[in-house]
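Note that subunit A is present in both complexes that follow, paired respectively with subunit B and with subunit C.
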Partner chain A sequence: MLGYVVKRVFQSILSVLIVSTLTLFLVYSCVPRQLVFKGDLVLPKIANKPDEYNDYKFRTWEKLGYIDYMTQQEYAQEVFGADSPNVSQALLRDSSFYEKFRTDLSARGYKVEALPISGYLYATKDVALLTRVFRWYAKLIQIDHPYRIQDPNNPGLKRGYFLTRDWGGGLALAASGTIYKYQIWVDDSFPFFHQNIVRLNMGRSYPTFDGVPVLDVISGGQGRSARREIRTTVRGEEVSFFTSIDEHSLKYKPVLDRLDMNKFEDNYADGNLTTIDPSMLGTSFTIGMYSLLLSLAIGLTVGVIAAMKKDRIFDKITMAYIVFISSIPTLLYIALFARFGMKVLGLPDKFPFLGSQNILSYILPTISLSLGGIAGEALWIRRYMVDQMNADYVKFSRSKGLSQAEVFFKHIVRNALIPIVHSIPMAVIGTLAGALITESFYAVPGMGKMFPSAISDYNNAMIIALTFIFTVVSILAIFLGDILVTFVDPRISLAARKEAR
Partner chain B sequence: MAKTAERFAFATFDVLESERIAGPRYSYWKSVFQTFFKRKTAIFWLALLLSLTLMSFIQPLVSGYDPAVAPNINTPSTWYQKPSAEHWFGTDDRGNDLWDVVWSGTRMSLSIAFIAAAINIGVGILVGAVWGYSKRLDPILLAVYNVVSNVPYILRSMMLMYIFGRGFWQMILAMTITGWLSIAFFIRTQVMIIRDREYNLASRCLGTPLKRMVTRNILPYMVSVIATLIYQEIPGLINTETILSYLGIGLPSTYPSLGRMIDVYWSFVDTYPHMIVFPGVVMGLVTISFYVVGQLFADASDPRTHR
Partner chain C sequence: MDQNKGILKVRDLVVKFRVRRRELTAIRSVSLDLYEGETLAIVGESGSGKTVLTKTFTGMLESNGRIAAGSIEFEGRNLLELKTDKEWEKIRGVKIATVFQDPMTSLNPLKRIGIQITEVIEKHQKLPPEEARRIALTLMEKVGIKDVEKRFYDYPFQYSGGMRQRIVIAIALACKPRILICDEPTTALDVTIQAQILDLIRSLQRDYGFTTIYITHDLGVVANVADRVAVMYSGQIVEYGSVREIFYDPRHPYTWALISSLPTLARKGEPLYAIPGTPPTLFNEIKGDAFAPRNRYALGIDFEEEPPFFKVSESHYAKTWLLDPRAPFADPPHAVKLMRKKGNIYAEGGAAEAGK
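Right, the complex of A and B next:
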């Protein structure tokens, strides 16, 4: 068993690597880089200033990893030092630096060109596809340690770990010299145990959520910031203030202002804001999990009853529902259900009408998402049960004189549930994929909606990150399904059986 | 002894007679269609399916509707008309006759689904048949399948659509480039199950060549399986098309399609419901009739249902 798990974990990691590498290759090589500016808000404003326009474009491409970019001024600063008077000399029209720039950067493999108006030179070099993919992986895993911060203006920075209490009074392992102050902490929000030591860095979002790390976009809170009163001690003095800073996200801040000094003892003063709305991840997770529970509860009940009353009216209605849901496009039945929910039940058909704080907002998206799942679970449990009905062990149990209910619930259902248990983690993926359309339709601010909007905005970093996450979740789900089924059914063994003799 | 000779007479050998008692004539395909057409529901859905398909392929040729051209865009009186004798489905927000729009949209969605399904199923069956037979190919294709199938299909097609750009052939490419894999895997498993049955073992012992084994022994056995694949594949592909087009990453706006119609007309659902009802109903009928006809045909093609 252990050997099998290790092998599967290895396979899964390999799978994730292959899928994300393929995605990276395809996105970087097939999507024209000019398209990333489609959603850019700055570019149209400077369209009539060719120099700025050029500069902005190349800087953005550099930021996204497409090219290496060097301007004449940057090179002058590199050669002479940032504050040297030679820098401004080098930019004068008759300076010999022009020639030096040309020869030096051409030698480095750059393509040198002049800006259309000012005539200043700049140089660009395409980053090879392989290098780009390699760079993405190279910075993927970030490990925080007490020697991470090297600040020349703060040589006395203490380094090391210590136990402390956060603002809420919870126990936490904090550190100094690291990027993040709080390294490990426990609180009451899922998954209760949190850490900042190993973090994934999948690049920064652009053009939507410009500059924010993509994982922060997905996992960070949304909506207005939530202020609360904090009482704590700073340098021995008791202070109380209103803030919306999330203390667990506090990062090293090189230069503190007076307000920071009043709140914090050390240099860790740069935190994210706590917000009133849950993150995209949280919203999707809530809706997905509830809809999964709903589809299991309703789907299995309906399927079992339909199998028990095979070919009677209840069974026929169930089958009609299953055919309806599996044949017509998802969009159509979600739209139909949304109209029903709005007109008949009076529920909002757009999530933002009532917002994330109101439970009514969640009802229609959750049920919509489970409509497909109900049909799937009902179909499979019914089919398995009908198949089992003529099995020998069922005939035997009947001949033993068991009642109809005993035959069904002690024998048939238990056997029919095995493949269902196997498929539960797969159903998680199902909700994931279904969430793409449901969340878009109801305008739910979740991950599912993020994917299509990232595509229409050409937000490459976000697309790659989401594909990565969805793939990891899918692989994990399939893996869990295989493990789970061995617990339910002792006859199934995952490890390849050794050939007898 | 003598009595026996009185009662029994030797029969003469009759060639014609010996043919007759060889059993009732059985033709597989004839029985399939007989079983299929015995059900009234099957005839109804098949007639509906055929008329919808024919309508959507013929009507756009007559109407000449082109979403890039809106001839009535400047005559507001033609906009938002309720269904009437002149405009059976009413008109839309740009004065286009919805009857025309719906059929050309259906044609587009069906064309994509037909072409993509033909490629997926064709390639899937071919590769699957070889995959099921070849022991050398199995580990390679299995590894590819394991990687690809980890990513949900809709995510894959969205990803590919993003990479290839928006358009008709791009969409077919996005749907087929990995779409055949799951079908091939399914066929592979079926072939593996059937391959080692006793009758195939016997056939192999008698020296039947591989080609004949596949075409005569195995494929006919899988007609109902293949029928099942087709009836699930086509509504599935129409579903994918509508999702992609609805999310704005499918067909560009110069193509009419069912998904785009829902996307564009949804904002009028309260004020002019006819604009969403007619495309919706046609879309529903097309997919349901495909599904039901396919299901009934798959049932009929299973020899165990034949009398």
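Right, the complex of A and C next:
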């Protein structure tokens, strides 16, 4: 079993690498780099300032990993030191630094050009495709440790770990010298055990959600910030203040202002805000999970009954429903159902009407999403049941004198459930991807729209990150499904089995 | 055997199926007596109605089938008066049990062997699980499973085909039925295992005293196990008698044809005999003798009128006009003559022995 798991994990990692490398190659080679500015909001404002325009473009490309970029000023700072008076000398029109810049950077393989108005030089160099891909992986996994922060202005920074309590009073392992103050903590939100030691860095979102790390875009809270009162001790003094900072996200901040000094004892003062609405992932997962539970509960029950009453009226109605749902466009039956929900049940047909805090907002999207799920589960369980009903062992069980009901519930249902069980982890994890049509229809702030909009916005970092995440979770889901099946089907074992006698 | 106590009496049974809006008659007026403790073999080619006939004994006809006429008398009542599944469940597995052809698929692959045995015992004998388990273990030992305590918790895939058929037999016998129907119990097994299973059934029959019906198209098996044989063709029994009578002195041309098809009786250098043509479709009403179109001994009347049963001996009857005193002499095929000769040797040997 262990050998098998190791092998599967190895294969999984390899698959993830292949998929994400291919995506990286595709995104970096097939998407023209000019297109990334399509959704940029800054560029139109500086369109009539050619120097700034140029600079902004090259800086953005550098940020996105396409090129290495160096201006005359930057090079001067590099050569003379940041505060040297020689830097401004170097920018004077008759300076010999122009020639030095040109020769030095050309020698390094850069292409040197002059800005159209000021005439200052800049140099660009394309980053090779392979290097881009390599750099993405190189910075993917970031491990936090007490020697991570090297701040020349703060030589006395303490380094090491200590146990503490967070603002909510929960136990936490905190650290100093690290990027994040809280390394490990427990609280009451899933999965109850959290850490900041190993973090994935998949770059920053651009042009949408500009500058926010992509993982924070999909997993960070949404909506307005949630303020709450905090009572704590700072430098021996009891203080109380209102804040919306999430203390677990506190990061090292080199320069503290007065407000920070009033709240924090140390340099860890840079935190994300807590918000009232759950993250995109969270919203999609909530709706998806409830919808999945509903689909399984109703779909399986209906499918089992339909199989028992095969060719009778209940079965025919079930089949009619399945055919209806499968044949008409999703948008149409969702629209029909939403109208029904709004007119007859008086439920909001747009999620933001009542917002994430009101349970009524979730009802229509959840049920809409289940409509298809119910049809799917009912179809498959009915099919597996009917398949089992014609099996010889069922005939034999009947000839043993077991009743129809006994044969159904003791023999057929369980056997028919096995393929369903196999698909459950995939369905659970699939909810993370969100439901594009349902979420768009009800204006649910979930994951569904992320992938299509990332593509249409040329949000490269987001495309790559989502592909990576979905690949990982899909592979994980299939693996979990395989493991789950070994618990319900004695014939399947993960270890290489001895030949059956 | 010579006990003449009837246990199951089938009279003029007619079974019809609705298939694609047409009705076919699968069993055309069959009468049959089963005697306590005997082994009856029902032989015939595929589609002759062997299985359908025995399914009526346990009310296991497919949902599109119905019994149009006749009666099946068992333990003093007509089984065809049983209407609900609940009533049938007191017969199935309890009084009349069935062993099916393919042991590989007869057991639920996901249930432990032991549970599949005990569920019958618990249901029909209303015994507590511990008691049922004890009985199941005994049964498993009885059918020749070793290390039963451990094997009780194994799954079917951990058993070989022969072992599974032993388990199927154990399940069938769990409630000590009076009749065991073996529907081609050895067809799916290899030859050495076949013999073991047949021996097993025979020895269990001695111990438990049940009556066995074998459905088979393997005449080798018939010769091996049967006391009496009924030959079926196109939904009718065309000849029945003791196993000796059927093998050594068959009278119906269809039985002749079956025996002629036995490879062991073929003459060297001659092609192996095969019955020409195919059985008639059962959708239409059959006029005369159903076998007539394939029968080279057919008389004119065979195409006009259905023959009655002619008595050959007390136990041997055949449904052919050839036995009518007015019929011309028909020279049976070589294989049948060969068998007759063998039969005479045995008979003389027997007589000689008796004379000592």
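Everything that follows uses one rule, which is that the second predicted complex is superposed on the first by the 485 of 501 C-alpha atoms of A that agree within 3 Å, B and C clash if a C-alpha of one lies under 4 Å from a C-alpha of the other, contacts with A are read in each partner's own complex, and residues count from 1 in each chain.
Keep this in mind: a contact is a pair of C-beta atoms (placed from the backbone, for glycine too) under 8 Å apart; a residue touches a chain by one contact, two chains touch by 3 or more.
The structure displayed is predicted, hence computed values, not measured ones.
Trainee: Determine, for the superposed arrangement built on subunit A, whether subunit B and subunit C clash or fit.
Mentor: On the superposed model, which is not a single observed complex, subunit B and subunit C fit side by side.
Trainee: So, A:Q77: does it touch subunit B (first), subunit C (second), both, or neither?
Mentor: So A:Q77 meets neither subunit B nor subunit C here.
Trainee: Which partner does A:Q404 contact after superposing on A: first (subunit B), second (subunit C), both, neither?
Mentor: Only subunit C; A:Q404 stays clear of subunit B.
Trainee: Answer with first, second, both or neither: which of subunit B and subunit C does A:T164 touch in the superposed model?
Mentor: In the superposed model, A:T164 contacts neither subunit B nor subunit C.
Trainee: If you stack the two complexes on chain A, which partner ends up touching A:R491: first (subunit B), second (subunit C), both, or neither?
Mentor: It touches subunit C, and subunit B stays clear.
Trainee: In degrees, to the nearest 10, note the angle that opens at the C-alpha centre of subunit A toward the centres of subunit B and subunit C.
Mentor: 50
Trainee: Please work out whether A:S456 is in contact with subunit B alone, subunit C alone, both, or neither, and reply first, second, both or neither.
Mentor: Only subunit B; A:S456 stays clear of subunit C.
Trainee: Now for A:S176: first (subunit B), second (subunit C), both, or neither, which partner does it touch?
Mentor: neither
Trainee: Quick one: is A:N415 in contact with subunit B, with subunit C, with both, or with neither? Answer first, second, both or neither.
Mentor: Only subunit C is touched by A:N415; subunit B is not.
Trainee: With both structures fitted on chain A, tell me whether subunit B or subunit C touches more of subunit A's residues.
Mentor: The partner with more contacted residues on subunit A is B.
Trainee: So, A:A335: does it touch subunit B (first), subunit C (second), both, or neither?
Mentor: first
Trainee: Is A:C30 contacted by the first partner subunit B, the second partner subunit C, both or neither?
Mentor: first
Trainee: With both complexes overlaid on chain A, what's the closest CA-to-CA approach of subunit B to subunit C, in Å?
Mentor: So the smallest C-alpha to C-alpha spacing between these two chains is 6 Å.
Trainee: For subunit A, which residues count as touching subunit C in their complex?
Mentor: Interface residues on the subunit A side: 391-393, 395-404, 406, 410-411, 414-415, 418, 488-491, 500-501.
Trainee: Okay, in this complex, where on subunit B does subunit A touch?
Mentor: 146-147, 150-155, 158-164, 232, 235, 238-239, 242-243, 246-249, 258-259, 262, 266, 269, 276, 280, 283-284, 287-288, 290-292, 295
Trainee: Spell out the residues on subunit C that touch subunit A in their complex, using ranges where they run on.
Mentor: Touching subunit A: residues 58, 60, 85-86, 89-94, 97-98, 100, 102, 105-111, 119-120, 123-124, 155, 157-160, 163, 168, 171-172, 174-175 of subunit C.
Trainee: In their shared complex, at which residues does subunit A touch subunit B?
Mentor: Against subunit B, the touching part of subunit A is residues 11, 15, 18-19, 23, 26-27, 30-31, 323-324, 326-332, 335-336, 339, 429, 432-433, 436-437, 440, 451-452, 455-456, 463, 467, 470-471, 474-475, 478.
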